[in-house]
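Common to both upcoming complexes is chain A, partnered first by chain B, then by chain C.
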Partner chain A sequence: MAASNPVKGGRGGRRDRRARLGPAGHYLALAPFLVFVSVFLLYPTVVVVMGAFQDNGGHPTLSNLRAVTGSVYADAFVRSIELSAVTALVGAVLGALLSWAIAAAKPEGLVRRLVLAGCGVLAQFGGVTLAFAFIATVGVTGLATNLLRELFAIEPPRGGAWLFDMPGLMVVYTYFQIPLMVLVFLPAVEGLRPQWHEAVQSLGGSTWRYWRHVGGPVLSPAFLGATLLLFANAFSAYGTAAALVSQGSPIVPLQIRAFMTSEVITGQQNLGKALGLGMIVVVALFMGLYALLQRRTARWLR
Partner chain B sequence: MTHLQMSGLGKAFGGVRALDSFDLDIAAGEFVSLLGPSGCGKTTALRIVAGFESADRGRVVIDGQDVTRLTPDRRDIGMVFQAYSLFPNMSAAGNVEFGMRLRGVAPRRRRDRAGELLDLVGLAAHGGKYPHQLSGGQQQRVALARALAIEPKILLLDEPLSALDAKVRVNLRGEIRRIQKDLGITTLFVTHDQEEALAISDRVGVMSEGRMEQLDVPATVYREPATPFVAQFVGVTNALLGSIEGSHVVVDGSRVPIQEARSYRQGAKVRLLVRPEEVHLAEADGNEMSAHSAKILATVLTNSFLGPVSRVTVRLDTGEGQLVLADMPSPEGGGFAPGQQVLVELRLRRPMLVER
Partner chain C sequence: MRRTAAPRRWTGHSALRALVLAASALYFLLPLMAMLEFSTRGTTGRSLESWRAIGSTPAMLAGIRISLTQAVLTTALVLGLLVPTTAWVHLRVPQLRRAMELVCLLPLTIPAIVVVVGIADLYAWVTYLLGDSPLTLTFAYGVLALPYAFRAIDNGLSAMDLRTLAEAARSLGASWTTVLLRVMVPNLRVALVSAASLTMALVLGEFTLASLLNFDNLQVEINVIGKRDAGLSVAVALASMIFAFVVLFVLGFIGRRLPSTTSDDDVPAAVREEITS
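Here is the complex of A and B:
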């Protein structure tokens, strides 16, 4: 009895100290994070939003918004949405299948640990490094391109230049979308309880009926939510596209780059901010839907 | 009503034998519980009946039909799982209707039947709620209604009360028994909770290491355990260390007459299994003791009030100072205070010895 008292006292002491901190103390602990978010997220957002509604002289105007809904910039939005939608869908389907395979593997097995570790790395493997990897492999003079030419006399589409346009962006984006899908969707797949399948069977249903009436519907919010997250991930990606595409600005992030860095287009930074505002709206819409779906997922799969 | 028969069932997982020549016959309308510690094979037996596990050997026969090789969906068996088995994307009524939906029952008939069953389990007003809006006890009631909705031949209950708190558990087990009796459905119940099994079953099967140790009515299992394992697993048991001396077991210098002792070799070290209610305590006055008395001098350590009885823990004053539990009727048992000297008398109904 005596031995356990100091332990109890110690725990109680820590609890007391936490309690003494009070709400003010908790906010104080959050202060570094709040400062960081304010400086690098809120302030830039305010600058972008305000700039979108101002002309170069700082006067209020809607001309920037009217301009970005015009043909060139609207096309960039359409292409960005296409790129994001296609890579999100393909990544979601393939990632979901991979998640299902991983969930079926032994929990502590080597294959599962390797695949999960690989997904953790590859989901973050975007930007210049990834672009270089693809250029070196399937670019105009890439290893695989040369092998195809020399061994099988096969000429890749457009001599390998396909990589530097929308099809190339789709392939490269899908490369990091699949592992991200695995990381986001696997917990949902693992949340399916074996009892549900057995309950369906005991009630006279087949495995197909289980997936149709229980497994599928239970996973669908998580699947949709993860797909939306993938969409937002692709929509806001910049580094990979910037490293691959040097001619033209087919997607919105590259359009914004042009307004920020081009020596040809000058004095139109606020047009770039209007494009940024458009991106914020799209991403906020998708992330809002994602949050709603996540709530349902959490309720069903807790 | 349906008769369930399991004969010669064997099942091994890797090198571990989960069931070994397991036989069980359940009469139509009977409620049989399988009781045993974790890993004794009780859940494996139930899952083989359900079809979720396949037996390595033996047969499962339901109403004369061999279902050993049938898939679970073709066995007409209702099952209630341990917990969290309700479909989270369906309301309580949707869960109850689901089995009927799979069987093509008309929507109106389904709704009516689901309403009746929810009423039967006391949840008529909760049909529209989703599982996350129901308590654990309510969820298990819905699971029971869902299992009954398909009018199964056999009802299997896989520790359905184990995740519930004590009060809910006691209420719900009574409900399960009432409904089972009303419907007359043949039921196999798996539990590790002996009180639960003894309270609601027609017969209780006590299992150990994949085998049936004893299958009998609850009172017999408790009062006349067939094996030392049953004696020690079911109820509370004192295992007193002693040695054989003729037709006696000598416990801490006191001779307890036991006929069965003759079948052991002289001097054999044994454990004498004694229920707390077979231990009688009396105040020690110093005159009743003799070297060969069956009464043993002891000192009271604790006295706990358990309602109808008081459980008194005493330490024998002689020999190795073994601890003994005694259940004394409350008014009388309440009089024993810690530190008091008492005489322990063993009033054995069915003595049981285990060689050490």
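Here is the complex of A and C:
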């Protein structure tokens, strides 16, 4: 069907046009996507990146970046990275375990439907809503706080204020990382063919051997990829932190909020762009690592 | 040493799976139960006061309407752009696949909070051209949903033998539209439902762009109300979660109820119809 020799003229008009377009036509089909991405993704990115290197008058400068690598902001970056790494690792391991448990459930069954819908809500719906969920659970007068106090006379650390600082963010972030892991990782677990397990069994291999030599290696690129995705997810998250933390700005997204909403420092709005560039650099580092890993391991998936 | 018999090991696995599921259910349901408890506290005993207040808060109802519309529009935008483009890249320009993946994953490297910084000026133009409606956020939300939707669709396309299916259909005379709609989409339905649910949940839960670009939507209203009345706000948060859950749950049914075309004879059958019609 594919016309290797472009036919000129003739009656098969449709076929001719396609043949004449050739490779250019192949790229033309990508135009709508490219336009959308350029306007709403690439242009704003350029604005942030350029702005980070400009002063208020639009002149090139490094003072924004110099200010951002100062101690207060550097501390915020360290805290953001810690928060993302811990919650990504815990979320990935627990989420993979849950994916494995769900993968055995009937694909059309009620359990699977309930779990997937629940994961969708908790992973992507998160933000503000989950902040209030945890205020109701382990906040100063939350259900769990009250129960612990009444039954065991256990007082929450720092009078319940721990929820509104880094420890609280760790707990809530983990809560939405696990379901995201399930959503991202479950398709890979389902990609494991039962025949592979049967093949190992028929050759006398144990279940451990199957996971060690077949299941594990096949899933590991997907697992690593998903873990990096979880890191990016936590590092980028804003809603939960914005709703929980009202005093101070311990992590980078809250520092940016301060720049965007505070009137005192409106003269320095490009500092916010420099912080944004810093976030992009950190996450891009992880995604670059992910791309390298993918290239090395993708061949086992084919 | 010989292993134990297969059926017994299988039972052990099932028990472990059940244990994992039960522990997860407990972990994930506890905060939701706490929300129910928190939102039904009265001055003396239980009260539905907070829940009744939802219906009589017009700002809340408007927020729900806006977020729902945003979710539908964004899903349509993302699927409409990504499905044909990704399929085309897989089939015709596979050398661009990594480039497309990089572009689609770019929003992961550009957090929503940074997108706000970059897009604020652009939205001055968008609102100037299209009006000051929160629905214009659809474009920005499309960008946020890009990585998740792309990953789902790309995985779906990689999992099926796209080239063989497409070539079979094409060699029987099917147009590209037919290949897309009657061969790929049915085979992609799980991936499409996954992409759609991720997108809808993301939009229904979106707070960052709306709040910092000064548009009202569901989450912005929840946060604003939460400052006045924690009980009401927890009630609304729980209601919105249940609501999103129901939406995703129903969407899951719709996705799986489409006529199955995964069996071997069905794809040629669909193409055959196209030829004879």
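Please note the rule applied: the second predicted complex is superposed on the first by the 240 of 302 C-alpha atoms of A that agree within 3 Å, B and C clash if a C-alpha of one lies under 4 Å from a C-alpha of the other, contacts with A are read in each partner's own complex, and residues count from 1 in each chain.
Keep in mind that, in the parts below, a contact is a pair of C-beta atoms (placed from the backbone, for glycine too) under 8 Å apart; a residue touches a chain by one contact, two chains touch by 3 or more.
All figures in this text were calculated on a predicted structure; none of them were measured in a lab.
A.B. asks: With both complexes overlaid on chain A, does A:Gln201 touch chain B (first), chain C (second), both or neither?
C.D. replies: In the superposition, A:Gln201 touches chain B and chain C alike.
A.B. asks: Go through the superposed model and pick first if A:Arg193 touches only chain B, second if only chain C, both, or neither.
C.D. replies: In the superposition, A:Arg193 contacts chain B only.
A.B. asks: Looking at A:Ile154, would you say it contacts chain B, chain C, both, or neither? Reply first, second, both or neither.
C.D. replies: neither
A.B. asks: More chain A residues touched by chain B or by chain C?
C.D. replies: Of chain B and chain C, C contacts more residues of chain A.
A.B. asks: Looking at the overlay, what does A:His213 touch: chain B (first), chain C (second), both, or neither?
C.D. replies: first
A.B. asks: Which chain A residues are contacted by chain C in one complex and by chain B in the other?
C.D. replies: In the superposed arrangement, which is not itself an observed complex, chain A uses residues 201, 204, 206, 301 for both chain B and chain C.
A.B. asks: Can you list the chain C residues touching chain A in their complex?
C.D. replies: Its residues touching chain A are 3, 6, 9, 13-14, 16-18, 20-21, 24, 28, 30-35, 37-39, 81-82, 84-85, 88-89, 92-93, 96, 98, 102-103, 105-119, 121-122, 139-140, 142-143, 146-148, 151-152, 155, 158-159, 167, 170-171, 191, 194, 197-198, 201-202, 204-208, 211-212, 219, 222-223, 226, 230, 233-234, 237-238, 240-241, 244-245, 248-249, 252-253, 256.
A.B. asks: What does chain B use to touch chain A in their complex?
C.D. replies: Checking each residue of chain B against chain A gives 50-52, 71-79, 81-82, 84-85, 87-89, 98-99, 102-103, 132, 146-147, 150, 156.
A.B. asks: Any idea which chain A residues touch chain B in the complex?
C.D. replies: 193, 195-196, 198-206, 209, 213-214, 217-218, 299-302
A.B. asks: Where on chain A is chain C touching in the complex?
C.D. replies: These residues of chain A touch chain C: 1, 26-27, 29-30, 32-33, 36-37, 39-48, 51, 97-98, 100-102, 104, 108, 111, 113-118, 120-130, 132-137, 141-144, 175, 178-179, 183-184, 187, 191, 201, 204, 206-207, 229, 232-233, 235-239, 242-243, 253, 256-257, 260-261, 272-273, 276, 279-280, 283-284, 287, 291, 301.
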